[in-house]
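Shown below is the structure under consideration.
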Amino acid sequence: MSTSMDTLLALAEGRSLLHRIWFLSRGDSSQAASTDNLFMFILWVCIISFVLLLIPIVYFPFKYHRSKQATNYVQSPSHHTLLELAWSVVPLMVMIPIFVWGFDGYVSKLASPADAEEIHIRGQMWNWTPRYRNGAETDLSARITDTETDVPVIYVPAERPVKLIMSSSDVIHSFFVPDFRTKMDVFPNRFTSMWFKPMRESTRGPGGKYIDEDEKSPNFRKPYPGSGHWVFCAEYCGTKHAEMGAWIVVLPRREFEIKIHELATIFPEGTWAQAGKTISTRKGCLQCHSIDGSPNSGPTWKNMYGATHTYTDGSSEVVDFNHLREHILYSQRKIMTGYAGQNMPIFAGQIKDTELDAIIFYIKTLSDKTPQPELDKANQEPDFSQPAQ
Amino acid sequence: MATISSNPVSGHPHHGHDHAHASYLQPKGGFAATVWDWMTTVDHKKIGVMYLFAILFMFFLGGVAALAVRMELFTPTVVTGGVATGQELAKFWGVDARDWAEGNNIYNRTMTLHGLIMVFLVIVPSVPASLGNFLIPLMIGAKDVAFPRLNLASWYVYLLGSMFAITAVIMGGVDTGWTFYTPYSTTTDAESMKVVWMVLGAFILGFSSIFTGLNFIVTIHKLRAPGMGWFDMPLFIWGMYGAAVIQVLATPVIGITLLLLIFERLFHIGIFDPRMGGDPVLFQHFFWFYSHPVVYVMILPGMAIMSELVAVGARKKVFGYRAVAFSSLAIAGISFIVWGHHLFTSQGEVSAVIFSALTFLVAIPSAVKVFNWISTYYRGSITLNTPSLYALAFLFLFSIGGLTGLFLGALATDLHLHDTYFIVAHFHYVMMGGTIIAFVGGIHFWWPKMFGKMYNENWAKVGWLLVFVGFNLTFFPQFIMGSQGMPRRYANYVEEFQIYHQLSTVGSWVLALGFVIHLLTFIHSLVAGPKADPNPHGALTLEWTHTSSPPIEHNFEHEPVVTHGPYDFDDVIPPQTRPGEFQLPKPNPNLKH
Amino acid sequence: MSGSAHTAGHAAGYTPHGHGDHGHTIVPIITLRLVLASLLFFTVLTVFLSRGEAWLSNFLNFDIPQWVNVVIALSIATVKTAIVVLYFMQLKYDNPLNAMIFIFTLLTVAFFLGFTMIDLGNRQTIDRFKGVSISPGGTGLRGDGPITVRAQEFARLEGHHAHHHAAEHVERGGLTTAGFRTPVPEIGSSPQYARPVRGLTLPGLAPAPTSDVSGGHSANGH
Amino acid sequence: MATIDLGKHGGGNGGLPGHDHHGADDLSRPYHERYHAAHHFEDREHEFDAVKMGVWLFLATEILLFSGMFCAYAIFRLMYPEAFVNGSHHLDWRWGLLNTVILLMSSYWVAAAVRHAQTNNQKWLQINVFLTFLAGLAFLIIKFVFEYAKKYKEGLLPGKFYSFGGDATAHEPLWWAIYWGATGIHASHVIVGMGLFVWVWLRSRRGHFGPGHYNAVEGVGLYWHIVDIVWIFLFPMLYLIH
């Protein structure tokens, strides 16, 4: 492992000016170096070809300008078979290695080693949810920001092959990690996979943090250099396509194990309502539902509980516990007036009972119509020996 | 043979008073009568001119959308405490800054609007429907296209399709992206019909495209003037022929695709809907089976124009005529078997490898064309008027566009660059740097023929310079930020990319200024331009040698007989050039033929 | 019945095959009748073969592989098409240019169908992996009828599953074949080509069993 | 023959002898003999050739249009074979067979109609064109009354309208989407073809077609054959699978 690490570092040392222009970072995965080399090779092919083309494009119009016609106009051949054959075959010869190299890189990005750490990634509008081998899901405590545009953090172990098995809950997304030089579309009806081997642990900033929490630039905040890798959604998926990011943090293997064990605990915090807040952030609910009454893709949770909702089919219902459960599990069954086409994901099968209960408790606490006993219960710590609601 | 063949070097038209002998632009009676005449005309020249103005108008609309997109991306959106800053479009439309998601929606709709207009309403019909319609019969010595009424129908179908598209825009615009990928396009704006109208508009525009293509193929096959064999045709005709073949064979597939998409939205039939067992990847195949060949419907006419601009600009026979002609057909043929490179990131491994290999093949005929054009300049007699400058700009930009295709054809690099700004820059270099640049050059080149007026050469050159500089400033930074990881169709971005976005936005202003100068030059030419000679460029193709500027209603006084090749500058002195403009060539006796 | 002779000076590409010999062949009526007869014969033949095969399968339990049926039916259809094109549409006597148009069209169709099937038939061949099921959220609950019921079934199973295995649950399934079969689990439908399929009942269509649905997580609508 | 009508207006509107300044037309001769090609064609032969090529190109677009449905059929049949087999069993192959025979007969009639035009057999030209029209009508009646109506009643409809109460396989709505899509687009072509045959019939009654001019009969006939060919494939694909 260390040898390849050394190779990579050596490559990084010799990172050329061109590479610095065209890439933000060294390639940080095991396959990235090969892609970069191919990129640089094609780049040089392009530069040389372009210069060769540019010389006559610039030179001829002056050399053979009509004003000099009297002196240099001559009849010239209108075709030359050998020449034409040559400039058809030579580019082909150049392209064959490019194709083979590209093919090789493609296979190396898709065929994962058998011992890869598998992480399931679920894309939904507009959130990525990783699920680790032990069932743990997105880490809440290390989200990059605390505002509307925060993105989830995905932990991966360093120097170990990581295979992502990806699916989507709604439309097509694409999981793009520029630092690893790879991406793969994420479909609602089939699994796709990609793998990479992160070559470097992410660096910690002051105070042992991966993210600079003092700088309050809330939008796509600039993390510490080297503290992780951006994930972008590269397949257009609607309103917040541009904000559908994630942040990959590469941990030492032992820390990774500890981390996913921590994450597997459903209730990192105390009360039902606090847990509900945690989980609804984790599940991406707050991407679309505001908690302060401001408009968003989905109806606000402020004062939702106890309110009367009207639907596109003309019916109306009072929002109660059962109502919330149905609409979280089967969101497309009835669409609220004014929210048609927003495509809330269907959570049936994707959310555990306790998580659902916690979210509903949390929604209750956001409403002033909630009866006091229910509020009290929401602000208690869960007692799993009793039915929740 | 009772045909009166006019002498090809002295086909000087005499102006009669009969309509058939008058300029096609001459009004027929009063205003109403003239309007009616234009609305019901089956004259390919009038239809071409109407198309030209419609397309330029649509180009203006799409351009405004592009400027808006660039404006929005000047700064990233920053949301502080739930209040957004940096959303220029949202600010313009008076959207509450707390509702920043709506700002994204506006961006998405503008971006889609730009794509849809530029693809379906501008580039696909641009050259064929306007210059092609006007020039093909003139160049091959026909009185009209084979099916003139079908040609008129094509124009009205275009209008009808545009109206559906504009209806959708007026209803608030769609946010599907021009590619209409399912399931997003089948679920977005579920309550509204506007996506259906937009898709229906694109569907209808397909018919316009088919009608035009079908007409051209038959015209080129059946209506060539006596003496004009296949290899006596101007290369413009070859390019248009290749494009027409693709239009006829590929467009029906987008027809059925969009029809199924409409059914999907209206009836939820499920073919493309994963919820019902359908397959979004199948949609991508359907869509790209049309939309990739159509890329060559866009570029082949641009290449067609280039051959004329280069040959006449260098006053020299196009180097390797047959290679250029056959490469048009080769491009048309290969274009049908490379569509899968749009699906490289959808993990269809076997097809990805096949399509990657085939994709490289298409580079060969394109490269051959470029090499041949450059060789044509060798020992030519080159003028640097505006059309020639545009030809040089095309060579510059298209070379960059083509070469950057290598990054995208190679699978490993494509996985990194797919759906980033690198792609955006690549296809703008090819589509805009290729087709639009050639189109603008072609408009300048044939402007005297179409309207009988000259334009101001100096201002046109200023416009060219701004367009060229602005174009590179706009799109070259996009290569870099794309490779650095900036995905396309983003309303927002991380701050590493800001400098490139700002360069690009500034470039878009320069570009726009260049086009505005062109527009003013053309308006000035129409109003006060000096009268054009029949053959101001000293070209040898029939539209220059055998017709007046502008041509008469029936194109030719007498059916032309072709006696020399389209680029035989070595043997023929172009007729009707201005006195003093053309000097006798001095053949080099030492040169072997 | 050649048309009037053409002027010699006409377009070069047009003159050689533009008219004359193949422009106006009058096909004898007996040819047309024979063609009709053969078309009807082939129609009856394809129906006969198809019914015969169904009979073999239903009454003698003798199953002929499905591809045989497909190949026979499509071959006969192709032969019929060829006859129609050659004689009724007179491509045999026509300008070869029109035949070329037809052939290029078929070639284009072949590319379209061929490459699409190559792709959708060979997905995920480099890295074979499959989970048990895709998350049911992606397979949808929109609309009514069996799809919904099936999805409810998913949700029920999934909920059940999740309930028992809680946090340590690892979703790893056996491998299924790649290719045309999407990894969506087939409930009520055999993974193999199912024949005979008549009378097949979809379990999801029956009232959803409630015994193993845990209290807090009913997947049924209200 | 090779004179060029410089004086003629309204390009493209060929075939109206009254517009021809040079025409020393004997109005007693039938229309198809008097017929002049549009002004941009050399002669009738030239126009015939061009029109026929145009029709063939149009047929190419039709074939590619239907190829989309065939492609979808192929993919989904391979994905969900049981749904297709089960769905197909709801179709009655006898109606399909009858419709196939009807379309084949009509194809024969229209092929014969071209022959009658070539041999100037006006009576049988009209009869054959009319028979073809009737065949189209019969096809549609069978399709709509005996097939579509039944399917509609049973709820065997595509996608979200699928409401069949009996046994069903997963993804059967998709089969019905293919069925309705393919036959629906085909039926719409039949309807268009019938309209064209009414037009051809009306013109043939006025004696517009004969050995010298039968572009419309030929063109519409070619279109009808393509409609027939599509059905030749749809019939086994939809009705005869198990």
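Couple of notes before you dig in:
The letters A, B, C and D name the chains in turn, as written, and every chain counts its residues from 1.
Criterion: contacts are C-beta pairs under 8 Å (C-beta built on N, C-alpha and C of every residue); 3 or more make two chains touch, one makes a residue touch a chain.
Keep in mind it's a predicted model, so treat the numbers as computed, not measured.
Distances from each chain's CA mean to the overall CA mean are smallest for chain B. Across C-D and A-B, it is A-B that has more C-beta pairs touching. Taking each chain's centre as the mean of its C-alpha atoms, subunit C lies 24 Å from subunit D. Each chain gets one centre point, the mean of its Cα atoms, and the points for subunit B and subunit D are 34 Å apart. Centroid to centroid, with C-alpha atoms defining each point, subunit A and subunit D lie 51 Å apart. Of all residues in subunit A, those that touch two or more other chains are 107, 110, 170, 188-190, 192-193.
Shown for subunit C are the residues that touch two or more other chains, namely 7, 10, 14, 18, 97, 104-105, 108, 112, 116, 120, 123-124, 126, 138-143, 147, 182, 184. In subunit D, the positions touching at least two other chains are 2, 46, 49, 53, 57, 60, 63-64, 67, 71, 75, 79-80, 83, 159-160, 170-171, 173. Residues of subunit B that touch subunit A in their complex: 76-82, 96, 98-102, 104-105, 108, 175, 177, 179, 181, 183-184, 187-192, 274-275, 277-281, 314-323, 345-347, 349, 352-353, 356-357, 360, 363-364, 367-368, 370-372, 374-375, 377-384, 388, 392, 395-396, 399-400, 403-404, 406-407, 409-416, 418-420, 480, 483-485, 487-496, 567, 570, 583, 585-588, 591-593. Subunit B meets subunit C in the complex at residues 1, 3, 221-230, 232, 249-250, 253, 268, 273-277, 279, 281-282, 285, 289, 336-337, 339-340, 343, 347-351, 354-355, 561. Residue ranges of subunit D in contact with subunit C, taken from their complex: 1-2, 42-46, 48-49, 52-53, 56-57, 59-60, 63-64, 67, 70-71, 74-75, 78-83, 85-86, 89, 93, 97, 100-101, 104-105, 107-108, 110-112, 114-115, 118-119, 159-160, 162-164, 167-173, 211, 221-222, 225, 228-229, 232-233, 235-237, 240-242. Contacts from subunit D toward subunit B in the complex involve residues 2-4, 6-7, 9-13, 38-41, 46, 49-51, 53-54, 57-58, 60-69, 71-72, 75-76, 79-80, 83, 158-161, 170-171, 173-174, 177-178, 180-181, 185.
The touching residues of subunit C, counted against subunit B in their complex, run 7-14, 18, 97, 104-105, 108, 111-112, 115-116, 118-120, 122-126, 138-143, 147, 182, 184.
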